[in-house]
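Each in structure tokens, the structures are laid out below.
Look at the two complexes coming up: chain A is in both, with chain B in one and chain C in the other.
Right after this comes the complex of A and B.
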């Protein structure tokens, strides 16, 4: 059983600056759930314990908690309707905000300057019990490396729920390496990052969305603490804790999916290729493919949409041998090129019907993309 | 206390569920049986035992209890997609995660197909409970992947006790009448106790009688009277959905769709209930004519039934009940346009039953 934090409904008396409240509330309110019939999830939990005040919100997938710089009298908790509190805090004058609620009361009083409000509140005992932060074994990793890795692979995760495991990102710690992988079965993205020191060998599949939220809360943090529970993963940075439920299931074996040998290996100027692809893609509408035709010394990228028009552009490449033409989904190809930031990238191909591989010059990032069979 | 102690009767269901709790529970269950006999309460009690916590489960706020309740007349693929996304995420705080799909018979084909794979092999922590008032609309592929847990009509005594507990102001006789008319279903008892629903029922029975008793009977007017009852229910559901909407952050379009679906679902439910009631009335005429008065459903209308349930009308009443059931079936299966269907039904009923009135008055 996971250790959890339960909030009980004793009196609350908190005061803090409006800016502090607005800023911290802005961070956690992203997890406030507004689309569910479970009312308590539309609330923000304010909890005072031994002089420390935390804010928490959860949508049952991602939960966020942040420490609030505030003065508190006694221990207690209250759940305030999230949307209202955010709106209200934004409009309050720049002054000290006081938040009070009596024990067993179902209202909360908020005052700031001469403004005062009374809102109906929810029972804090009904708030889902979030995994305890203190009782969690964590290890620290380089924040910049973590976020960069997540940003690279995240967009290859599936948005289609038919295979739930693919809506997640595989996160694996292995020796001194962090490996992240995501695939929607049309493309696969894998990044291996060497971390400063070694970490315990652990892995988990987390919802792609949780990493997007992580990028927001952990921005600029040198270290992110990570704890992997059986059912949830905890990230902590900048006095904010993000917990996410783990996706269950077997992630595809990405090593097996990456071909070992290729017929062609080209080094291409990344920026130039990206420009060409972006321009040509304008005419790859309604699922028409982007055609890449490789001939002696030249790559021609073209697209054609029936009843709309066509585009064509060439750039010099060091291609030799029999010409080869391969089709890709324009958006997926662009995503792959955009995921890199080096000046050059490697493009590796086998044949028009086998997947192509985009890699960083250093080889630590791989983006495998399925071809589209070209007519004629 | 045993988890199912507070539930009346349903011994077979309890035996199956208690055994499941002693051993290893299955991944998927299908609780089936008439409406208003305690399936949902049993499912919540089962969920509470699986999650090891009664209070939060029964209040519907346990984070590892996921309840899918149809809004309106169907469970759609979108609802199942949202559920599946959740199903593949591990539990929030408990060791298990329980999914309750209420009115599972309302899953459309697409939704049922999307659920199949997960019913067969859900993640190890998940227990999925389908609740259905009818097995008919559920495909064999769904049924065969679930352990079936049958629920039956409750005894009159059990209903009477529930009625007394709920409406303490009733006399013993009144409670007995309600329990009899409820015919083993608590939802029917609830409706008999609800003034609006009781009024709709009274009007409906007047229509049922006018088919043979009123020389001026108008099929269209009769159909309209039934439809008005349904619109009334629809309007109530609409108001309720609109109030709930205030708590939710939906786009205008989503909100409108939600309200419309809730309204349509309630209207449809009311029409099906009306057909139930009509069929039961004509069957009661047969029952009384055959001298089996103690077996009637409309126990609270014995004098009228005696007056109307004459031998000469027996065959026609039997055919009438069958006509109503046929309409019920096509309504349930094909979602036909209610106005026309009811008008056609009343034309047929009139043809069948009015003759019998004539004969009755002649003889």
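Right after this comes the complex of A and C.
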């Protein structure tokens, strides 16, 4: 598929099953823009070319394209309001859906069984040009490894749009390794995954959100194709294409952020620690910190919310030396522990005002978390 | 009542000089970027010789002294020093009211029977602060807060000024009214316009004159203070739930960049208040009032509390833009507020890499 060419002036006449339309639309419509500033972005492009029908949507950050199993007469395109189309399709009877729009028309007619609709449509010429799929060189990556890596680091990305680089995930292919890193400046997660074979070297910062969408479309895929086209990264899996804008800027040097030495290193049962943290965090409301107090042989986790109450729980640990109390944001700490799936984790600490590090037993996943300076 | 007011000398700059001894003796400005829109938080005494002072734009400071060294504030560091200072002070005077990282009132009356003994205590406090932190402090001693505060500013740096009982009004008389607690820029402008330049002139106003210049309770309060009458006790605790600043314009303002500039300045002051109380805020609110007196406000709550003036300013401006997108037009007032205050501070990795 090349760019979406000017397609007005050509009529659209597509028919497919309701289920097929609903299923494909469900995948693609996630890229429909919910902000209405640019109207065309709230639409889904339906395009027929040489008997093949493609659905596409983009919010300028992420675009999604999928093939639709459909019969098409002639070549043409139409942009249908996305939200309306999704809602209609969901309610239509289980029957053949027909989508028609005449040349030069600014309406689209949809019919299914005895139901018929006429919707105002947008001009397909106004739809943004999406990067060419066929013109992009791609390489295949183990889909499970890619999605697992992305799932581990994604949560540490920032949601604060004022610092765009931090809303992204650094993705680096290096020899036979895939490295992903994300930080919202309060925590940093880095995962290094060894892939089955080597890939071309590639580095890009992609929006964390695009990887969440990728996880949906590439679910169960053994291979995900990846390529770069100008300032876009393209992923393809399960006959769906996702493109996303590369984020400009310098990703923080995460290696420099990881301290080289620590004062304390503990091995903790992950599941038990997670339970304790979850239970105690109930009383860490309104951003109150979770306090971790390490003393000879024991870790006490506590939380207190003013006017609500407090919680405290202990578990045995192999801690020696002067007691140490450190505060963490409960959600950040929980995220870190949840990102792992081993039975045990390593917790490494320096002092109450220096970062703590959670690592997998194998050491290929690191979650660095800055403490909260405790009051009083 | 015997009250002391302690004020650390050029605090942020003094801490930087202790941490980076190579800066000593050079004009030093702690504040924002001199090539951006930052403002001076603190200048050391060398820099003050060039006329550089707090709240001046850093660009102006750079113009006045091109060889000045500019450093970004390191609040975590200042608050560590501040804690050490107040811990040392409490060894001498147990009851203190911290009004900022670098200043606060001391209940000297609790431990001193007379002013001679209070002077000795004040000297002891200066010595323990220097001993514990190598920082220099100025202290004022008087029968009330307003006098003690003016007195601590009298002989900086490292000064000690004692205002004996009965001498309050005479002591205050020559000082500018703007140095009086409670006199803001607007009150000052009104007093100056009426020819009232000094505290002595304010103290001497008749009831009728006072009513025409500063009517109501506020006017009487200010005149009392100028006369050295101030019954405010040392306060302990009483946590604020929000901090805000607002500005009513002489004429309605439509110019977006002017509104942004106002919000940015107010955000800096709000952030200073936050830092002084050792707090962070998660909710930022921008308030505006239209010429028809209707009020609109827009808020945003962050996942983690902040105390950075520049960030608060950015958020406040974007909230203003959102409000004005809903209802465009001139406004007669804008304000910035922060709430969801937290006593703890989430540290950041990027800070750790520079502070460690």
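We adopt the following convention: the second predicted complex is superposed on the first by the 365 of 376 C-alpha atoms of A that agree within 3 Å, B and C clash if a C-alpha of one lies under 4 Å from a C-alpha of the other, contacts with A are read in each partner's own complex, and residues count from 1 in each chain.
Here is the rule we use: a residue touches a chain if its C-beta (ideal position, glycine included) is under 8 Å from a C-beta of that chain, and two chains touch if they have at least 3 such contacts.
Source: prediction; values computed, not measured.
Student: Which term applies to chain B and chain C once both are placed on chain A by superposition, clash or fit?
Tutor: Taken together on chain A, chain C would clash with chain B, as the superposition shows.
Student: Determine, under the contact definition given at the top, whether A:126 touches first (chain B), second (chain C), both, or neither.
Tutor: First partner only, chain B.
Student: Can A:134 be said to touch chain B (first), chain C (second), both, or neither?
Tutor: neither
Student: Quick one: classify A:245 as touching chain B (first), chain C (second), both or neither.
Tutor: first
Student: Contact-wise, after the overlay, does A:372 reach chain B, chain C, both or neither (first, second, both, neither)?
Tutor: second
Student: Check the residue A:260 against both partner chains and state whether it touches chain B (first), chain C (second), both, or neither.
Tutor: neither
Student: Tell me which partner A:164 touches in the superposition: chain B (first), chain C (second), both or neither.
Tutor: Touch status of A:164: first partner only.
Student: First (chain B), second (chain C), both or neither: which does A:188 touch?
Tutor: Only chain C is touched by A:188; chain B is not.
Student: Which partner does A:231 contact after superposing on A: first (chain B), second (chain C), both, neither?
Tutor: A:231: touches chain B, not chain C.
Student: Going by the overlay, flag which of 20-28, 56-64, 74-82 or 272-280 in chain B ends up clashing with chain C.
Tutor: Stretch 74-82 of chain B has C-alpha atoms clashing with chain C.
Student: Both chain B and chain C touch chain A; at which residues?
Tutor: After superposing on chain A, chain A residues 162 contact both chain B and chain C.
Student: Hey, which residues of chain A end up touching chain B in the complex?
Tutor: 1-2, 4, 34-40, 42, 60-61, 83, 126, 128-129, 131, 161-162, 164-165, 167, 207, 230-232, 245-249
Student: Taking the touch rule as given, give the residues of chain C at its contact with chain A in the complex, in rising order.
Tutor: Residue list for chain C touching chain A: 76, 79, 278, 282, 302-305, 311, 314-315, 340, 342-350, 352-353, 356.
Student: Give the list of chain A residues in touch with chain C in this complex.
Tutor: Listed in rising order, the residues of chain A that touch chain C are 159-160, 162, 183, 185-188, 252, 256-257, 286-289, 327, 329, 331, 353-355, 368, 370-376.
Student: Which residues, counting only chain B, touch chain A once they are in their complex?
Tutor: Spelled out, the residues of chain B in touch with chain A are 56, 59-61, 63, 81-82, 84-93, 95, 114, 123-125, 244, 247-250.
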